[in-house]
């Protein structure tokens, strides 16, 4: 396979276009590709559709920055804090501009991605019967059971233009090891037209090949692989970074007002050139507190033939 | 969770009944639970339905022994050799008695198991359109796309009474690590009413917990866990056993005639009390050749929080 | 009941949540109070219960350290399995989950929960949405609801049904129990009925805090207060009172 | 063409199979000759091709040692990924697989393959069944068929369609090429047409071995024989001639 390494700026410039539908935050609270999110804001992408289960504050930041016109998600907010204030301002007051929401539950957004991943137009489910979410839903319809059972709902395929994921390590071809939370990562990558992998480390091919069962993301589905240590902060990365709760909380407090959000964005995104600058701004004491230095290694698995 | 360790004889006696539908051979050519298959023959289970993708010679042996009345599979034979002669005798000549076959492809048998695993009555697919397999099929029906696309096929759920798998290691609660080929293992276990895990080693709880991403089989789905070293031979187990090609080939040659099959069965199953006796009968030179002694370990994965 | 000063309302709610879990049950665990309730049940009367988290984690022990989200590293380390979201949702859809916990901004007597749009009368407030709430409400064998007990939250009809309660034709499960800051209620078969008042809470107080009629049989029972053992567990698991302090912790909204 | 003595028919078929793989393609790899063809293509003109195996293995290098089945340990060691059967089938169903290889006991001019029941005239013989054949035939962007060229196998209409060939309304793909022990045929758009005869095979020989009319344009081309480099690869990968010896190896049936 070819060498797919790029800088984060180049990867976003090459593979994410205005009006794209982007899936991210697929592992739920961990491994959210915040470095890529901030680069999207700096590169002023517009008219994006965001796809994900619970997005933690990544979707909120993109909405506040005016990048988004549509959200396909089960939950938008700040997991530790509750509401996403930019999300609320967009929906309640049209600030910075109105957005639409395609409501989902975690299961239905997952089934939509899975349908696209499987190459079928829909998947059947029992979830949501009796809920207002599925009433007049553009992507969820009643469907008969051809075997004569009670009616079901059909969740239509959700096909992202781009899926962005952050993993622990990958080779230069994009074959990526991921451990800890999986969430909807596999579904989001298989479903997408293009995939960008950011990772803590780009490693030698043989590291990935030593454990093919750890390769959640096969390189044949990957368009760009970017080494961005700490690229998921403030989200956690198992074995590399703890959750930076203070940053989530700080954002939550400051984004309560529009002015506060703008100041936060200036300080942490627009006034920051790169993830390295983000880490520097975070400061050494915070990095020391957040970086995992203990070792608790997986039991050996022998792949000798 | 409770302690689910049992002897192989007790596990089969307790959890597999006459007329059960049994899924096995889900990882395709590797990890076939032959020790459990032979125990089923010794315990004279009757009227079984066998479920699996390609069964290698396990299904053939069970059919020849008169345990089976129905097969739900994509392929029945001997992978290295070709035809399964007991399968052929049953279908062509009704020896030892007639059996019926529900024809599938690897994908449709997988979708049937996946539907049961997901708790839905069917899953839609594009495979098989134009094939005679799906014509008048009891479990595959035409289905409209509720979003207006071209028609699909619906594969009905396949729910095994029991799934039997062989893995590298498990804890006493049945949480099992598996690496190498996965095939339809996950789907078969999630779909089944009961699951029996045979494994090379029962290990301390902490070994399994050290790598939760390696736990393909969660113990909450497991009814019995049995330590049976070499329990998949002549099939391979990554990192433990090479494929015993000679035994596959020997069976293929001897099972060509009914007499040859019976002699083989007497020698290798009915005249053998246990898997330990099987290994002893195989002999030390064969065991030395088959056992993996090299180490090629998976790269370290740190789960420290 | 002089014990009221020795524990908080939220500690009592954790205890009530834990008591809804029976031994050997498969539990769809939420964050905050249900997470503590699961750990408490494991530590006391339900040692063989197993917990599923919607991000794919399966655990039979509480996390080793305090966690703010279910995805935090201490919830992964030592887990039995980390599988996909759809894998745990599949177990839920199969009917293999005995009990799930959900909360919301509004509830009605049928146990419908709203976590999408609140404040029907005034300016509507956009809430974060379903998350896994709709799925747990639809698919668990029974659900336990956990709510702040305030008049604006207890409505004759919620303005938006995010997580469905009882409705005609429901095939499985539905809300069984509602635990609030004031009491415990049965919601089985779509009948909203007081089971117990928390110590020092009056029926009149509950009625004043509820936007619809509260049914009660005779003199209401009193919610069994936490034992010393239960409190010790909770204070070990939430030493700062982040979730269980009487004033909602920093995580509140 | 005096080279005929220096390579076997099966070696020539491996070479023909390998030539059907273009660089950077995603290949659904079968066992036996296609497996060797994939390795050969990787080693020569298609270094960036990627192989999928239906048990879930994804590789970009041939196995390190000789394998009898795709599940053998040397095919797992050094793989890029081991995923589930449904994961690779999903990629196939999405249309992400460029080319797949399949074989059968009977073929007809539309490229329908039978691997289920053979011998319509005499006592029917039960064959092992589809395996993944139906799926590759249905879902790959194109398929390459590999067959023993015998009259009983080349039939006007196969007695059972296990792996569908061209039919009205086919949405994608279908058989593109048929490689036999005697020649190479185009099957695009449901037209069975000779592309080349193997060296020292006559058109009359092919016609006598085919149970239906063989179309050919003018003087047939001759299949390009293996190069020394190609033969060296094959003999390194199959040193005993297990798959490529002229008498089918021990694995034959």
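Order of writing sets the labels: A, B, C and D. Residues in every chain begin at 1.
Convention: a residue touches a chain if its C-beta (ideal position, glycine included) is under 8 Å from a C-beta of that chain, and two chains touch if they have at least 3 such contacts.
As the structure is a prediction and not an experimental result, all values here were calculated from the model.
Simply put, of A-C and A-D, more C-beta pairs touch at A-C. Distance between Cα centroids is largest for the pairing of chain C with D. Centre to centre, using the average C-alpha position, chain B and chain D are separated by 28 Å.
In whole angstrom, the spacing between the mean C-alpha positions of chain A and chain D is 41.
The distance from the centre of chain A to the centre of chain B, each centre being the mean of the chain's C-alpha atoms, comes to 37 Å. Along chain A, residues 119-120, 125-126, 179-180, 182, 186, 208, 213, 238-239, 242, 292, 296, 303-305 each make contact with two or more other chains. Among all residues of chain D, those that touch two or more other chains are 57, 72-73, 76-77, 82-83, 86, 92-93, 139.
Under the stated contact rule, the graph of chain-to-chain touches falls outside the line, ring, star and complete shapes. Contacting chain pairs (ordered by label): A-B, A-C, A-D, B-C, B-D. Against chain D, in their complex, chain B makes its touches with residues 27-30, 53-54, 56, 73-77, 79-84, 87-88, 91-92, 101, 103-108, 110-111, 114, 125-133, 150, 179-187, 235-236, 238-239, 242-243, 245, 248-249, 292, 296. Residues 1-2, 116-120, 173, 175, 186, 190, 208-209, 212-213, 215, 218-220, 303-305 of chain B touch chain C in their complex.
By the touch criterion stated above, chain B contacts chain A in their complex at residues 119-126, 141-143, 145-147, 149, 152, 154, 156, 168, 177, 179-180, 182, 203, 207-208, 210-211, 213-214, 238-240, 242, 292, 294-305. Partner chain B is touched in their complex by these residues of chain D: 31, 54-57, 68-73, 76-77, 82-86, 89, 92-93, 116, 123-135, 137-139, 160-165, 167, 169-171, 250-253.
Residues 24, 26, 48, 50, 57-58, 60, 64-65, 72-74, 76-83, 86-87, 90-96, 139 of chain D are the ones that touch chain A when the two sit in their complex.
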